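Chain naming follows the written order as A, B, C and D, and within any one chain the residues start at number 1.
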């Protein structure tokens, strides 16, 4: 297993193909736009060596028996899945934000493991074998793998082939003896800068006439003809500044647009090639895994918000007991998303491929919580923190250190601690609630509306109705005319 | 194992000591005030025989290896505890309300199993042996056991011995060679009418000067010198009426005041006798078990509310799709309390006595949800159901069947179904949301405020603060002066 | 102006035509099913004489210049409307519940004043003159007038004439020289037992082919061929009991089904006769008036809940400060529905007939609050009150006074006050939150869903869009294809 | 009255004393850090000339009878106050954010008008005369006046004179024949860059030993010895960029730290000089005015969010009807804060000085809504907008226009409109919900916790208790022992 330095070295060896603000990023490990997210991902390697975290971050490979990082493992049972939820919480605790360059890939490879298994069984393909070979190799190389599902999609009221431009979803444009050629894009992809490889899978289910979109594969991040453009996020120019205005150096997020221009994928790395019938199940299994695990993410960031809020209370001279009920609510919010993830894990089932799939209903219920509860937690953090944290309402690092008036600012920023500490806490809360640390918990892993549709799909209204009829001894069947 | 008829027969054989409205109830299985709750409890015996429910309602005794009803079992692992949550949901599904004459007893005996084990280990007592003998016998007799914790308490600002009347908490007034004599009361006790025996344990923790209150034992419901008075609940006179105004015949709740007047308890049935040091842990373990499991209760009643609401929508001529988002929210509420119970179970730990204790933090978080989410579910049920359900806004059964004007009422009550069916649904919703079916989910198992205190106790604010300090690289320690 | 005794006397003089539980109520002022609501309405007459309340409950008639009860007045300006909101709050304060036998009539006559004015202006009818004569007479007689809008409606997916039975909405079946004959029913009508007359108006808007449903008139409550059946509400048999189990003697609600069997209405009392075009505006004006005013109702009951909760806290030995944040939230809920009613009044406009119509948008926004916030207030009341109040969890009055065991119950019900006081508070909270005092705030005056439709109707999405476009300097017009 | 150009010219004529990022801002009307907020404030002058807005933005001076901008007027009645709420909503509509450089000054001068009036009456001072002269002159000069209340405060657990550094609150350090000298700071002050003068008043109430803090005055923004440092807010470096990444050019906020170093204030401009007894009422009146009016602010920004969300829905190819219920909730949130402000205005009272003071209870209830509802509105905006808006998840303006790969980005950003339009909408939503447009609605005008304290102060718990006791016929007085 790699050290964090070896990990960074592996990134440095790759060919630059990531841009931001119109410029090519030469070294992602040092460039201000990417180095924080890489620091965050590097913490995984460090923490894996600490006895305290070892059981969370590492496991034994079911393929080789060797000790591996958990992100490269197959999730085999409820316990594995619960540890996955814990791992996400831990990484948000350690980095303050998302280390998305690993967990989407982790979930995608598990989802596609089930799909390739099913395809091979039914279609006599050999996708699962390919995946197995690749995965053993990936475990041996101890690489980081981001995952990419979201297509640009274009006009949401039209299906992919009805778009003016049919390339709004990533698609296969050519098949050769040795592989396939793909065109299109995957957008808003987390943590690509921190990844050695990118695992691609469909972002939605497809019909027969859309089979060219039914594609899954894995590529090195620096593959030929792939251009990556990082999006800009709130306050991201502070990445380039010194001082505490960007308060966190050991974590950060990136989200990228991946532009595929006739990229050739060798067939050993292709895990789905037009088998449209299997896209739906692949996506549903991904969702079940992902939407259970994100409960840990937002709980992990919520933990940091509790700490930051309590710290600012103390900095202001107040005991956190003053805010007991608010902190209580924050804990409830965190434990709810965490707990629902655990519950989805506990009530899951084992797919015949050996992968454990969390309960779809609970997983999707949790997605709705993940899209609401953290917003209350953020609001409470700002409530406790006071005006100084709400919109980052304090002068810049440069001003606070200005020779002319900086001393006056320091004088007035002091409370029950030094002005610098108070400024750092204020900036941390800004970062967490309205700055660069805010992750995409609303739409990451799909929108809450899509989760609500899954919730309805997974609930049988007639079951509920029968319970009520039995209780009140109602025999009459009530039917509703089908109206147009 | 008993049949439901044998169960009812066992109740009939007991000495009458239950009163309501100033009168002694001669036969609890037929008296209007108690027969519905007994019908509800009897369903447990019937359902235990159905293959569909067998695995939920029965298990193998860890003491005898025989098949027993789950309510008499020791909870040995997470899976047992998860099935407990499911069992509560099932019983609310089948009876529409609480079968509290079993689950409190079930939780109490498991909690006291851990406590008697610890006492025996540390104090060289033989409480656990006594419990074991009694429990094997109870399993063999297949009896129903309600549980009683809540004392009258008096003035909440004063401790038990500071009360004007020191008997506001149940207490030991005499010790003899063969047993103890107790005085006092336990109040608001669920399902006593449906129970063969009553398991008593402390409702709170006690100090040394309060050791006379540290008492646990089990008694036949009809023990000498115990008088039981049933409380009245909303719309409870309808129990005595015919027709659908009381719409549910196969379930119902009772809550009783147990008045102990120098009741003698033989020592084989005494499981705590002044060991005040062990009261706190006993209560905490009870809480962890109980507050996890009630997530299933309110989910189970919520399921019925979804069904009743959807049925009324149809009765009114509307598809339940009209109320899609509301039903979605109801499902989310149900699955959240259910899921949090499952999560508390999954993250529990095994006590050295062999009993599985759910996670205290998640259990108490769930108690807060249980005290809030069902209220939203009820509101949505009334929202979907329309004016006719809100305050039971329809004429009585007698009026609807009145020879003079009943036909006119029937004419105008019709919608997309018969008037009788519509009336039954309306009464069912009234029963569920503002009538006799409403269980005590707010304060049952303790108040949400007591859960919030447990949540704070179980959360280490400094842990959160350290996470925040590490992230923002803050070294300064901020201390708060202790103020009076 | 009448005294409360004269008012009761006026009711006694009327012909009995109200039934409950299959029996004719001979004297509504003494019958247990109706006397509490009449006591509540009688308080209006008493309070009107008290200097403290005089300005709220009385005003000067704009028709005669005489002092009249406000419920018989025309609402002429924002101030009048604000006092209307205050009056509703006051009456809930004084009776604990709804005095619906006056306010629906009050709103209906104001709404129909505008409609008759418009009809007369456009159609050369003389409805407004008829109304004026009747209203002057009503003011002189100082009568109480309930209002009735809601029709049985039948299958909600079908329009009135598409129903199997076209009489599911009240309709004109014959026109004679001297009047009209109507058939059908009005259902769930508040406070009819307390009314001298009933004001009927359409419950929805009608098209030309539905013109027979476009009818408004006023009748004595005891008019020939009108049969009235009271609905039963939660715990309503306690009306017939003695003691504090029904804790409020000076207030109560009734809701009735009015069955019209070829009732002849003389033309002087007919205010709309098939003018279908005017039904929509009549209903909208009624809604604007009604949904503003109900903010006062739920605030008024909320005030009582705060008091009852704080009183129980004290009874339990706790200061209300223990529950500071909960009480705070209850106050916020009350002041929000009250304030939104005031705001709708303040932003209203004067109809050319002289009646002040509150702002429709704010009025309907308030309806949504009225259908949600009081539910939270109830929940908090139960939360503060403890287990004893949640489901009325205490023995009956009869049991507490039982010679055999009543003293023991009294002993254990004591806390920081006498057992009787504590029992009364518990029953009051039961009555307010889950008993006979719960008014129909969810669907009274229409469902929250209907309010949401009005909110959307009153909001111009393009206005909002233009604001956004202007700010971000967006010129492109984005149109959405109309899809089927 | 000035034109917007004359207004900008007036700012340019002032002496530079504002800093950001360590540098002096030479011309606030053109400097990237301040020009947007000045553009926003300039819109007031333009809109005042438009017939559509004239009645909102201008009024007749009660001092001179001349037409003046409303921000310089005395609020004389409910109608004036309601228009104030509307004015705030309008300005958020037109600028997308806060024009805080006027409204705090407006509220402060009205609050101090009441206080100076009271002081003059009781203490025979002549503060109100001074204010009158200054205000007539200010109206004639048509100047912009920001207001400043918030002191640095230091350790919140200690009173001002107990602070290690007693200058944590602005204080009088010297009195001369001609005026006073002050030292200290006012912090987080809105819109100073857009102001000609700054109105200072106490931020809290003071006791006798704190009388040096009891000070109010008005100064030119560029007064000698005043140094102003602008705080940095989220994404504020985009102010310096070109293109749509900072999407709004006609509005923006600034918040400043004002550093007073022995600033001399001539006595004509001093409106309170150590009269500590009057600080409490001054602050309460300010709060009543301010917390009513801010309901309009957040409603006005909410309007823009509805528009931006609906526009993004269309840009994505979806009708806003898809999100009907969410938009409905957003409207309800906006109208609630707006309506509660109107209600506080309508129920206000006239101070003997002639100023109208909104109802304190409703005003403070609204503050709590203002600190919560907009957060839900923001969340719903992000929910409707999709992943692209959540964290501003799209490439930068520079990248979208990059010659190498910009065309590909444009291709994939297209949906049901051009890529540029879609990018602009996304950036607008980022700006509104997590960017530079977010105003300080949580703590601006004081924290929600301080509003809750005012709510409790304004509510008499015994009044509520008496209502409950009367209803349930309870005579017993229940007292709670005073415990320590």
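In this text, a contact is a pair of C-beta atoms (placed from the backbone, for glycine too) under 8 Å apart; a residue touches a chain by one contact, two chains touch by 3 or more.
Remember, it's a predicted structure, so these values are computed and weren't measured experimentally.
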item	value
Self-contact between copies chain A and chain B, residue sets same or different by half	same
Chain whose mean Cα position lies farthest from chain B	D
Between chain D and chain A, distance of the C-alpha-averaged centres to the nearest whole Å	37
Distance from chain C to chain A - Cα centre to Cα centre, in angstrom	52
Between chain A and chain B, centroid-to-centroid distance (C-alpha), Å	40
For chain A, residues contacting two or more additional chains	157, 317-318, 325, 416, 480
Arrangement of touching chains [line / ring / star / complete / other]	complete
Interface residues, chain C side, partner chain A - complex	157, 325, 480-481, 483
Residue ranges of chain D in contact with chain C within the complex	78, 82, 93-96, 244, 247-251, 303-304, 306-308, 310-311, 314-315, 317-320, 324-325, 327-328, 331-332, 335-336, 338-347, 361-362, 365-366, 368-369, 416-418, 421, 424-425, 427-428, 452, 455-456, 459, 461, 463-474, 476, 478-480
Contacting residues of chain D [partner chain A, same complex]	19-22, 150, 152-158, 165, 167-168, 185, 187-188, 227, 229-238, 245, 253, 255, 257, 259, 261, 316-318, 371-372, 375-376, 378-379, 382-383, 386-388, 390-396, 398-399, 401-402, 404-405, 408-409, 411-416, 430, 434-435, 438-440, 442-444, 447-449
